[in-house]
Amino acid sequence: MLEIRVVEKRAYDLFLQNLVKGTSHLALGQEAVAAGFGVAMRRDDYTFCTYRGHHHTLARGAPMVGVLGELMGRKCGQMGGKGGSMHLTSVRHGVMGSYAIVGAHLPIAAGAAWSAQYRESGQVAECFFGDGTTNIGAFHEALNFAVVWKLPVIFVCENNLYMEYTPIASVTAVEHPAGLPPVIVDGNDADAVYQLAKDSLAAARAGKGPSLIEAKTYRHSGHSRADPAKYRPAGELDEWLKRDPVTLYRTRLLEAGVPEAALREIEGIAQRAVDEATEAAKASPPSPLDVVEQDVWSDGGSAWRN
Amino acid sequence: MAELSYREAVAAGIAQEMERDERVVLLGEDVAGAGGVFKTTVGLLERFGPRRVRDTPISEQAIVGAAMGAAMTGLIPIAEIMFSDFFAVCWDMIANEIAKARYMCAGQFSLPLVIRTANGSGARFGAQHSQSVENWAMAVPGLKVVAPSTPADVKGLMAAAVRDPDPVIVFEHKGLFATKGEVPDGEHVDRLGTARVVRRGDDITVVALAQMVPRAVEAAERLARDHGISATVVDVRSLVPLDTQTILAEVVKTGRLYTVEENPRLCGWGAEIASIVAEECFYDLDGPIIRITTPHVPLPAADALEDHAVPSVERIVETVRRTAG
Amino acid sequence: MLEIRVVEKRAYDLFLQNLVKGTSHLALGQEAVAAGFGVAMRRDDYTFCTYRGHHHTLARGAPMVGVLGELMGRKCGQMGGKGGSMHLTSVRHGVMGSYAIVGAHLPIAAGAAWSAQYRESGQVAECFFGDGTTNIGAFHEALNFAVVWKLPVIFVCENNLYMEYTPIASVTAVEHPAGLPPVIVDGNDADAVYQLAKDSLAAARAGKGPSLIEAKTYRHSGHSRADPAKYRPAGELDEWLKRDPVTLYRTRLLEAGVPEAALREIEGIAQRAVDEATEAAKASPPSPLDVVEQDVWSDGGSAWRN
Amino acid sequence: MAELSYREAVAAGIAQEMERDERVVLLGEDVAGAGGVFKTTVGLLERFGPRRVRDTPISEQAIVGAAMGAAMTGLIPIAEIMFSDFFAVCWDMIANEIAKARYMCAGQFSLPLVIRTANGSGARFGAQHSQSVENWAMAVPGLKVVAPSTPADVKGLMAAAVRDPDPVIVFEHKGLFATKGEVPDGEHVDRLGTARVVRRGDDITVVALAQMVPRAVEAAERLARDHGISATVVDVRSLVPLDTQTILAEVVKTGRLYTVEENPRLCGWGAEIASIVAEECFYDLDGPIIRITTPHVPLPAADALEDHAVPSVERIVETVRRTAG
């Protein structure tokens, strides 16, 4: 969780230094959801996430240098600069992609769950998305489909109160989607998320079908790098900062008797790891131009004619 | 060789591949219990069971999205979209997700899946159930696209599509389902990206696809008989990959190109082929390139009106006769 | 209701005589829904229906000759043969179209309701669709949209137990769509439908927003002309025939003291009206071919270049 | 004349029409309170109020569908689809409903509506937020399509789109939002279906659209300066209706046609224009027709990669120099 926090902050700094070009959607404030689920998942479970997916990608163990390098369009980037911030994928770590069209990855995650069910592999697909996503058709189709086919998929809504700049409450009436009543969890409490994650994963693995989880959380920054988030009511951010998941967890550890020094050390390690990843990414050359015409097809190329 | 109808050949192609590989699964609306609304999947449920042949809700995004998720995790799904017009309700899944995913992740996974659909006119179903939308698919990088014109081709290209490691859209043609033809016995697997010269002539080259192929052939017979014009007919079969070698070679031989398309006029596959020819064998051309297409209108429902809209044998003959001077 | 029944039967006969070419989806058995709503609606209210829309079109007063002529591709057809059975439209009668892509017309009806709200016209949009439609994304988007914008639109699901050939219960988990709990009505009871229609129309006109109605009914014939409906369990059709809406209503009228002779007379009138419409349609010439390139644009033509 | 940015000109065009006609309404995601994610609708909520300028849920089918329903019942809606890539999630509404409804009902109603969207590359948003999909729209009969390249044009064509009685898709270009230019004072209404000759030359004709227009013009300057090649540049502006008169006339004058397209290679508008030319002024051509396009791949995200994929001034110059012999 801490590493995610530091990476997200670094991503912001790198953007300010003009080293990150395209857009990026930080998950500052939402780290506990990724951390709680990431730890609870089995190595071969599948993660599907959105353009706001750095946290979930890192939580599955994808290396920081690949993430930062991708944001910077470097050769060392997770996808060599072809995907960018919104499309982080690390199949090796079970991260089956970050999808930038709202709602699209829900049916896809259901499909991965179908495959796990068919292969009797015991794998579960986790699908993360935002509150705004509950208004799009694909959300509804995927939930119904997963329920009817009893698929091992967990749909996790990170409810951060806003779509891009519009408060979600002003545009949604969705409450009981497609026969799947949501289980609500404090998304800023990593332990609570972890516990629920474990339970729902176990249920999915036991063949009990999908579940829908609503993790209540908040993004500390704007929607994307272009957004100063002026639409927020005064004081809202401050309230949520008081419940910052990283601070909350730190306090909890202290209260549990973990010495301050040990926490400092962990913090130092995270900081150094991110520094090193940053330097490695900076040192990596830009992606070679010939990748542009590669990897459309499985033969590695893009030929559409003979 | 057995004689099969085009619709039987669809089922035969799917069955052949399901038999061969346990990873091949079929999903779609009414494909299982009912054997498909066009009866193109008859017998598959009985033969392969409900685990591999599955009916779905009316949720095209879920159907195609599920196929994608399954393909990236070890299965080889065949998803049916009942009418190709319904691509529009799941176009995001096809054009933005399936087509682009492999590229965006720099090849970390592949998507060995097939989307098959009933395309085209002839059943008098009107504007929302009769479209030819193969050009929609051709315009999107990341999709392979075939549109077979015979029972043998639909079986063989279906098998090739299933075996291909990338997403392939198979456009079956509603107007051809009832047609019959010889299909090779035993395993039959064709090759994507290969056009076929159906008929050879000296004066002009006619390039056609799917339902337009038999019409082009008949037109060629009449042109030879009634007007002394001798035509080569090429069945494109595969739009992506496109067999430009065959097409260009045949155009160079006659010096004249006609395309016969069922899709509405603007930005069809005919425009693409015409443009390739106008760039790559301009100096071999003896006259204008002429596209014979459905006019740029939605399709009407009434039989006489539909017949008037879509290129007919008469229209092909007439156009060629008038212009191949 | 009776006229609709006779027209639908005639459509079937004409198909058997090969005078109706394309497909057609009869509403035999579902007439009471159309009749109940049709009578309750205000002249300037809007109807949106599906490919199975003959009944709703007729219930709004569209002439039978236009409907039968359209099925036969005649010049006298409602749209001169350009739309066909699946796309009946009669703007003059408030029938704003029949839509053949499942779910598509729900957002469109919401839009007409928005227009009525904006113009403060007091009009209401009625949108009819089948049970299978509850599984498609557009359904969900439209309902949420209508609730959030509080639109004067009534969504009426004619639950006839089947999508095309697949029983709806096997593929759906949808129960409480987008914050709009359904009101259930016996769709074979024309009076019950009428009463509910009146109430929901009044509510919509009073600015109370949309409602969702589930009318339980059954189609006596197959899905479309190509369908012998073999997938039905034995006896199911017979059970429903006992509750045939036309017979039910006839019995009720008799019980209410309407003399048999009066009913016979009405039946005779309906029959003759349909006979006349059939003859008129048969006498009409086929649509002229030049309509193919007409009416893409408002100037009446289809030119895409100069 | 005032100098406006392209994004300001979008808002100015909408405002002009909302001012004129009470029936004009605007809906879309984040268009009201936030002034649009590209700041193209800034000030409209304040000026016209929440009844006429409305934020919507993330429900593209509902947005476009509602626009259709409203258009057939007396309003003139302008629907924003935030990125043109998202057309794919509401393609049924656009391609099957809006485009076909008037035809199917034999003209019983019209659909005076506008769908405006941010199209194209330049912002390094990757494969799902950078596409040029004007060819998708052009391929569907029943849609009018414009893609302006200057602030004046975007204002004037927006106004023309609103006044047109049929559905018009306005492709605003992300790569042009920040560009500035003179916009006529007072009411400014342009005409659909008119191309513009931006520059005249003797040797070749270059036909371009939207972001490719300034690049084509710059390439033409360099070709003149460095290589002695004198080029006409035509800004297509309107794909449907298409001003074939202007295009054909300019091609006939130089005898050589180059198209510069941002959409991926297959079945783009360039193919359509090339095909028209290859049919209608074949005998006036002095050499092959050459299309300069993005290759047939999805777009990569990294800046250098994106720049490499989309036609650049250098690539235009280089291609012409090599082939205009």
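A, B, C and D label the chains in the order they appear, each numbered from 1.
By our rule, contacts are C-beta pairs under 8 Å (C-beta built on N, C-alpha and C of every residue); 3 or more make two chains touch, one makes a residue touch a chain.
Remember, it's a predicted structure, so these values are computed and weren't measured experimentally.
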Open item on the list: Taking each chain's centre as the mean of its CA atoms, which one is most distant from chain C?
Closed with: A
Task: Rounded Å distance, chain A centre to chain B centre (Cα mean) - done: 39
Open item on the list: Centroid from C-alpha atoms only, then distance chain B to chain D, rounded to Å. What do you get?
Closed with: 30
TODO: Indicate the whole-number Å distance between the mean C-alpha point of chain A and the mean C-alpha point of chain D.
DONE: 35
Task: Euclidean distance of C-alpha centroids - chain A vs chain C, Å - done: 45
Task: For chain A, residues that touch 2 or more chains besides their own - done: 82-83, 87, 99, 101, 104, 135-138, 141, 144, 148, 170-172, 291, 296, 302, 304
- [ ] Send over the residues of chain B in touch with two or more other chains.
- [x] 56-57, 59-61, 85-86, 88-89, 92, 96, 103-104, 126-128, 141-142, 240, 265-266, 295-298, 300
- [ ] May I ask you to sort the chain touch graph into line, ring, star, complete or other?
- [x] complete
Task: Residue ranges of chain A in contact with chain D within the complex - done: 21-23, 73, 77, 81-87, 99-104, 132-133, 135-138, 163-166, 170-172, 226, 231, 286-287, 289, 291-293, 296, 302, 304
Task: Parts of chain B lying in touch with chain D, wherever the complex brings them together - done: 85-89, 91-92, 94-96, 99-100, 103-104, 126-128, 135-136, 138-142, 240, 263-272, 274-275, 277-280, 282-283, 285, 287-291, 295-298, 300
Open item on the list: For a test of understanding, state which residues of chain A touch chain B in their complex under the given definition.
Closed with: 46, 48, 79-80, 82-83, 87, 89-92, 96-97, 99, 101, 104, 106-116, 118-119, 123, 125, 137-138, 141-142, 144-145, 148-149, 291, 294-298, 300, 302-306
- [ ] In the complex, go through chain A and note every residue touching chain C.
- [x] 135-141, 143-144, 147-148, 170-180
Task: Contact set on chain B toward chain A in their complex - done: 25, 51, 54, 56-57, 59-62, 64-75, 77, 92-93, 96-97, 101-110, 112, 141-142, 165-166, 193, 240-245
